[in-house]
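Pasting the structures in now, so scroll down.
What follows is chain A paired twice: with chain B in the first complex and chain C in the second.
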Partner chain A sequence: MSALLTVDRVVKRFGGVAAVDGVSFTLDAGSVLGLIGPNGSGKTTLLGVLAGTHEPTSGTVTLDGKVASGKGAHRAVHAGIARTFQTTRLFGSWTLREGLRLAHGERRGRQAWSDDRLADLLGLDGLLDQPCASLTSAAQRLAMIALALATGPRVLLLDEPAVGMDTAEAAALADAVRRAADELDVAVVVVDHNMQFLMPLADTVLVMAAGAVLAEGTPEQIRADEAVIASYLGEA
Partner chain B sequence: MIQVLVNGVFLGCLFAVVAVGLTLVYGVMEVPNFAHAGVIVLAAYATWSASAAGLPFALAALVGIACGAAVSVLTEVVAYRWIIDNPAAAPAVALGLMLILQNTALRLFGGEGRSMDTPYDQVLVEFGGVSLSGVKVALVVLAVLALTALHLILSRTSLGRAMRAVAQDRGAAAMLGIPMRRQYTLAFLIAGLLAGIAAVAYAPTFQVSPYMADEVLLSAFVVVVVGGLGSVWGAVAGGLVLGVVEGLGSAYLSSAYQSAFGFLLLVLILVLKPGGLRGATGRRVA
Partner chain C sequence: MRKHASALGSSALLSVLAYLALTGLQGDQGQVALLVVVWTIALTGLNVILGLGGYPSMAHAAFFGGGAYLSAILLEKGLSMTVAAVVSVAAIMLVGFLVALVFSRTRGQYFAIGTMFFTAVAFLVFTNAAEFTGGPTGRPVDLGYSLDATVVLLAVSVGAGLAVFHLISVSRFGDRLRAIREDEDLAQHLGVPTARVKLLAVVVSAGFAAWAGVLFGQYNGVIAPSQFTFVQSFLMFVALGLGGAGRLLAPVVGALVVIGLTQLLNLGPGVSQIVLGVLFIAVTLLAPNGILGGITALTRKVRRKEAVA
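So, the complex of A and B:
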């Protein structure tokens, strides 16, 4: 079986600077990829290329054998690649249910997960009918993931989802992401600096440095990798 | 007294229709669209030309409204779209567009005012001791119809929901795969239709000239700020309040200061409620 998402030698230059410099990897449905690296190593730019926001200077992203890169953010969502942002983006005066309703409109015939199922999955039971602005900041970050999942994605990109969360909240988030991958068969790419959150969650970890892949492997292999420790993990 | 209030409501309806167009564009794209005045001017001239060419007034009015919509969309496609990532440029671009549109009208039609004749401008409607010209009645009716239609579009259709979503949080709307460019164009289309309706409705009480919309635009901006930036119902409420305040002020104090009463109201509201009447929880449409 071929991979769901294939990233092939993606390069993204801004002026003369290669923010992403020849990154390749594949991702299967239902698996979680942790993307780590120092600030400025190109993680967020790579996420932007996957999400269609940035057109790659060269290289391609294919989803199910179809080229998905370089067509704009809304086309990526319609093709089945959804994302969340580092900062919480929500419709504050709407309830989560109203936001989910809007998101369902962009599914283009793909899998629909009911509002209750998404709320259960993300631990937002009972919060569907409250204005999003009144939720706690951790619940708002989960609500943002619920909105992204309501578009019925095959691939979900999470940009620092655990930022600002305490240990218990981050553990609940990890549990929710794991369940989304297992139960909804979504492939997940997670960027985060919180290793306590990311390492137990990820099936594979990709380490970036200066725009390129420094190492790729299971969390155990990455923890033991001396180059990674020297460039990134060691500083913590 | 009632006569003054009714006149205030007439002014308020005019302000509301113009202000809703401004606030919609501001809510979706964060542009202070001064060019809205130029759109009104060109729509009024289009109606006047079509009427002068022999078209019945109703058809001429439709030509004017269509022209308003077309010019408004044009400003988005040729100008605003290109500065979306550079909001600091928006006021300058908006002012430039307004000058271009006004001078287009000046070039094509000259600076003299033209009077627009309508089949109903001799009509006088009277009830309960209050008399209102046919033009004013027509404007109030058109304004109520247009704003009700807009309310239904924003609240009942998926396009309207998407537009309210964009106004609340562009990032979240983009995350859900809503095509942003279509939303921008749609906002300008609706604003242009409203500008056309305003032009057709109030041109007969003033004169058609390149500068006919200047004062209305200023008042409408007061309304937008008073109502809370990006809030459609705030703009409607603010329009009515401002119309009545200006009407009362000019009737009982001095008509020379009519616009000044509006700015006095603006200062008072900004001091007492800096977010505007409905703007306290951030931007929103409807």
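So, the complex of A and C:
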């Protein structure tokens, strides 16, 4: 079986700087990829290329054999790639339900969970009809994921979803991401610095440094990798 | 269902009121009634791109003037009024498409500045293409429709325009525009084709403005560049903000306040603009969602107090 998402030698330059410098990997449906690396190593930029936020300087992203990169964010969503943001972005004066309605409208026929099921998955029960701006910051981060899931993605890109969450909230989030991957067969890429959150969640981990892939493997392999320890994880 | 009924009902009612005002008022008051009606039609279009989409288009007076001039010129060339009107509106919508193409990569104040320059250029054309436009002093407009027919068209256009706005507002197109107003990047990352949606909104708003211009020329009988300057664009922007941008009846309230202040109170050209400026600042501070938004907030507060008591 061929992979759902294939990232092939993606390069993204801003001026003379290669923020992403030849990254390749593949991703299967229903799997969770953890993307780690020091600040400035190109994780968010790579996510941006996958989501159509940035056009790659060279290289391609293919989803199910079709090129999905370089066509703009809305086309990536329509193809089935959705993302969240490092800083919370919501339609502040809207209720979550109103935002979900918009997102459902852009789904292009793929299946997605109902509002209630999404709320249940993310622990947002009872908050669907509140203005998004009035939610707690943790709930806002979950609401952002709900919006992305409502577009019926086949690939979900989460940029530091657990930021600002306490241990219990992060664990609940990890459960929700795992359930989305398992039950909706969504491939998930998660960028995060919180290893306690990320390592138990990820099936595979990709370590980036200076725009390139430093290491790729299971969480156990990565934990034991000396190059990764030296450049990022540090001595335990 | 009730929401549709009240929106379409008030649209129809405003058509009737517009007809009564246009036929009942004479002289200066009649002129004010005409301007309020014409502005309501034009502002209903602006309410799509500015009210729903949050894009401060300053091109509106140019589209308005374009419709007026083009239909006058085509009428003079011997086209029937209906053909002249349809061709003018379509042509100005095409111009709107091009303007939107050029400025769709800009946001916020840059979009405002860009579209303002477009209006400034349009003003230069109106002033200097004297062979067609009559130059700085303007030109007469032949009577294409009888005055009675124009009055009926004006009145019907008020209600029909508001009804169209309501339908846009509750449609997916309306949702997408509001999403762009709230957070354009997020909207795009939820699948909204933002460039296309904005383009369509500018084209629709240009269509409203051009049609208002056609009717204005017909009723007024004479048009001049000074009626279509970027100051007019700015006043339209102010009017919609005062009324409560994005709300169905904002064009009516905005037109009444701005035209009323500048024409009816007769404070003199400088003073009325100062009063308008102060009023705009006051409304922005006290009721950021305009007069209609303020009223909504106030009634909600009163109701809540009653519920508590």
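Heads up, the rule we're going with is that the second predicted complex is superposed on the first by the 234 of 236 C-alpha atoms of A that agree within 3 Å, B and C clash if a C-alpha of one lies under 4 Å from a C-alpha of the other, contacts with A are read in each partner's own complex, and residues count from 1 in each chain.
Operating definition for what follows: contacts are C-beta pairs under 8 Å (C-beta built on N, C-alpha and C of every residue); 3 or more make two chains touch, one makes a residue touch a chain.
Quick caveat, the model's predicted, so the values are computed rather than measured.
In this overlay on chain A, chain B clashes with chain C. By the document's definition of touching, both partners, chain B and chain C, reach A:Ala82. After overlaying the two complexes on the shared chain, residue contacts for A:Ala133 are found with chain B alone; chain C is out of touch. Once chain A of one complex is fitted onto chain A of the other, the partner contacts of A:Ala103 extend to both chain B and chain C. In the superposition on chain A, contact of A:Pro200 is made with neither chain B nor chain C. Across the two superposed structures, the residue set of chain A contacted by chain B and also by chain C is 73-74, 77-78, 82-83, 85, 89-94, 98-99, 101-103, 105-106, 147-148, 150-151.
Across the complex, chain A meets chain B through its residues 73-74, 76-78, 82-85, 87, 89-94, 98-99, 101-103, 105-106, 133, 144, 147-148, 150-151. Across the complex, chain C meets chain A through its residues 172, 175-176, 178-179, 182-183, 185-194. By the touch criterion given at the top, residues 158, 161-162, 165, 168-169, 171-172, 174-180, 281-282, 284 of chain B touch chain A in their complex.
Considering their complex, residues 51, 53, 72-74, 77-78, 82-83, 85, 89-94, 98-99, 101-103, 105-108, 147-148, 150-151 of chain A touch chain C.
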